[in-house]
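Look for subunit A in each of the two complexes below; its partner is subunit B in the first and subunit C in the second.
On to the complex of A and B.
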């Protein structure tokens, strides 16, 4: 494909400039993409390890919670946990990785006096370990949320960058090159025709 | 002091009811059932059939357990003139409701599903109490405990304090009740219950890395083991505790249970052994022709049965492995 332009020397110059810019842009974007993919792969690996860990521990936590639950009537379990005693606040910040804004979740766990909001006379001791495991799970789960979101955002960015790289590589740059070629040929053609015309005129003048 | 003769009629009725308690075979069959339908089929052969038939969903099984307990309490109450023995079992339900009502007030929500219908003080009265009304039909001890718990919560904002204060109040009242009834069997049963709970509480607090102050607040009154003993033992490792209790009645429970707790990190075995030990005490009621033991034994056995069913149902619904269920399965009474 050729961009529809006037085949003039002016245009040719500006197109050549655009081609240089496009090529430089392409190289930069390509580098960015490579780096992104590298970072992304690292992150995905980290993500998978963390997810497996969290899932394994969650299964344990839920199992121990279920076992604790089996030792007490449902309403006693509910009553014991009605008011939570530990408070956690989270603060979501942004971090820039290769111009992608990924979330950074900061947890501030209040220095709580006590993790366990219930008394001991009517509750099963199995509840203690369930609560303990669950409370250590929270930071990990938030970390997982952070990494998973970051992966998603990175993936989007990689896709966007790839589209741009492709657009440059397969559309804009060939177009520019074709157009430059077309203009050069057109100009050469013009030159040749004016030269022949001149030669023709010269011949006619010589004869006459 | 109660007269043994007062329990003649009730003992007679209980002799008939005892035969309907779940047998080991039934428990095994439930344990081996493939799915919930099979569990229900086994249950439909037992005394629980009417309660489970009413259920819309198996997940509401707690309701069925509660209803069956309510029926049992009703039967025993109507066969006894002196209801204090039954009160020994129902008092904890009232204190449970008291906790729920107070915590609901703190949170500003209403959670009727957390209340139990097994208590004897009407829930409406408890709700009135929590709204600060003066003229309420709540026993004085409970009212005082409620107010104290509310006060302490406001000072500390620690929900655990609510439970600790009300648990203590419950056991103080149980002690008074047992003194009032004046029967040695009940006295020794309560003392054992308190001792074994205190031992458990102490070990739990050790695992929680808690402090002596919390321990003092958490230990229940009325046991045969001095509270100073626990305060001393709190600093020591668990094996020292096992050693120190080697000469007591609880030596076997403590040794097997706590050793398992230390090695596996799970209190399940200890809790099971405690319940089995207490049930063993209650079994006296099974062999006495009539008397307070028979009534207490039967009511205790029913509570134990609910625990068995609860472990089985929760285990079956959640697909817990047979071994894990079995580890927690209590003995049967008869």
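On to the complex of A and C.
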């Protein structure tokens, strides 16, 4: 493919400039992509390990919670959990990894004296342990949320960057190179034709 | 300050009550979708939702995929995991790299 331009010296110069810019842009984007992929791979490995861990532990916790509930009347369970003893809130900040804004979560947990929102009279020991596990799970779950989101955002950014790199590498740069070649050849051709014309004229003048 | 919410079926929600995060029991996917859209507009930064509900409101969850907040994270429910969470991680890898190199490689070992 050749860009349709007038084969003039002016155009040739501006195309050459554009080619240089395109090549530099391509190199920069390529570097960005490599770095992003490197970071992404590190992160996604963590993501995977953490997700497996959280899922396993959560299922365990749910299981012991279900066991605990089965040992107590339903209304007692509801009643004892009605008012939570802890209040968790978080602060989400932005962090920039290779121009991708990823969230960073800070947990600010109001320390409560008592982890358990109920008295021990009516509840079973299984309930206590299930609740303890779940409370310790929370920071891990938030970490998972944070990493997983970062991975998703980075995956999107990598895809976008790859598209741009490819567009430059396989479309724009070859197009510019072809056009430059076309103009150069056209200019050379013009020069040759004007030279032969001059020679011809000179011959005619000599004869006359 | 941001809040944390969890959308799950009634039984799973009960387990989270004591952890101090906001719990929203949802019976079916329509209710879950309503709650999700509502929480997204409020000051919720992290929303946990069970895979059982999430698989039916995929389109709603995907709306927030490329936004930084809220973070929607799938968790297993007390009926176990459906493997959607982990396959989403896999999909991210495929999207970014073009091929699934992390899971595949370890599977072969």
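Just so we're on the same page, the second predicted complex is superposed on the first by the 208 of 208 C-alpha atoms of A that agree within 3 Å, B and C clash if a C-alpha of one lies under 4 Å from a C-alpha of the other, contacts with A are read in each partner's own complex, and residues count from 1 in each chain.
As a convention for this text, contacts are C-beta pairs under 8 Å (C-beta built on N, C-alpha and C of every residue); 3 or more make two chains touch, one makes a residue touch a chain.
Keep in mind it's a predicted model, so treat the numbers as computed, not measured.
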item	value
Partners on subunit A (subunit B, subunit C) - clash or fit	fit
Which of subunit B and subunit C A:151 touches, first, second, both or neither	second
Touching partner for A:66 - first (subunit B), second (subunit C), both, neither	both
First, second, both or neither for A:103, with subunit B first and subunit C second	second
Touched partner set for A:76, first subunit B, second subunit C, both or neither	first
Of subunit C and subunit B, partner touching more subunit A residues	C
Subunit B versus subunit C as contact partner of A:180, first or second or both or neither	neither
First (subunit B), second (subunit C), both or neither touched by A:129	first
First (subunit B), second (subunit C), both or neither touched by A:88	second
Touching partner for A:58 - first (subunit B), second (subunit C), both, neither	second
For subunit A as apex, the angle formed with subunit B and subunit C - C-alpha centres, to the nearest 10 degrees	20
Nearest Cα pair across subunit B and subunit C, whole Å	7
Contact residues common to both interfaces of subunit A (with subunit B and with subunit C)	63, 66, 69, 78, 82, 84-85, 115-117
In the complex with subunit A, residue positions of subunit C that touch it	1-4, 11-12, 14-21, 45-46, 48, 65-66, 68-69, 71, 73, 75-78, 80-81, 85-86, 88-89, 92-93, 95-97, 102-103
Parts of subunit B lying in touch with subunit A, wherever the complex brings them together	62, 65-66, 92, 96, 99-100, 103-104, 106-107, 111, 113-116, 158-160, 162-164, 166-167, 170-171, 197, 200-201, 203-205, 207-208, 210, 214, 218, 220, 265-268, 270-271, 306-307, 310-311, 313-315, 318, 320, 324-325, 328
For the subunit A and subunit B complex, residues of the former touching the latter	63, 66-67, 69-76, 78-80, 82-85, 113-122, 124-126, 128-129
Touching residues on subunit A, where the partner in the complex is subunit C	37, 40-41, 44-45, 47-48, 51-52, 54-55, 58-59, 61-63, 65-66, 69, 77-78, 81-82, 84-92, 94, 101-103, 105, 108-110, 115-117, 130-131, 134-135, 137-138, 141-142, 144-146, 148-149, 151-156, 158-159
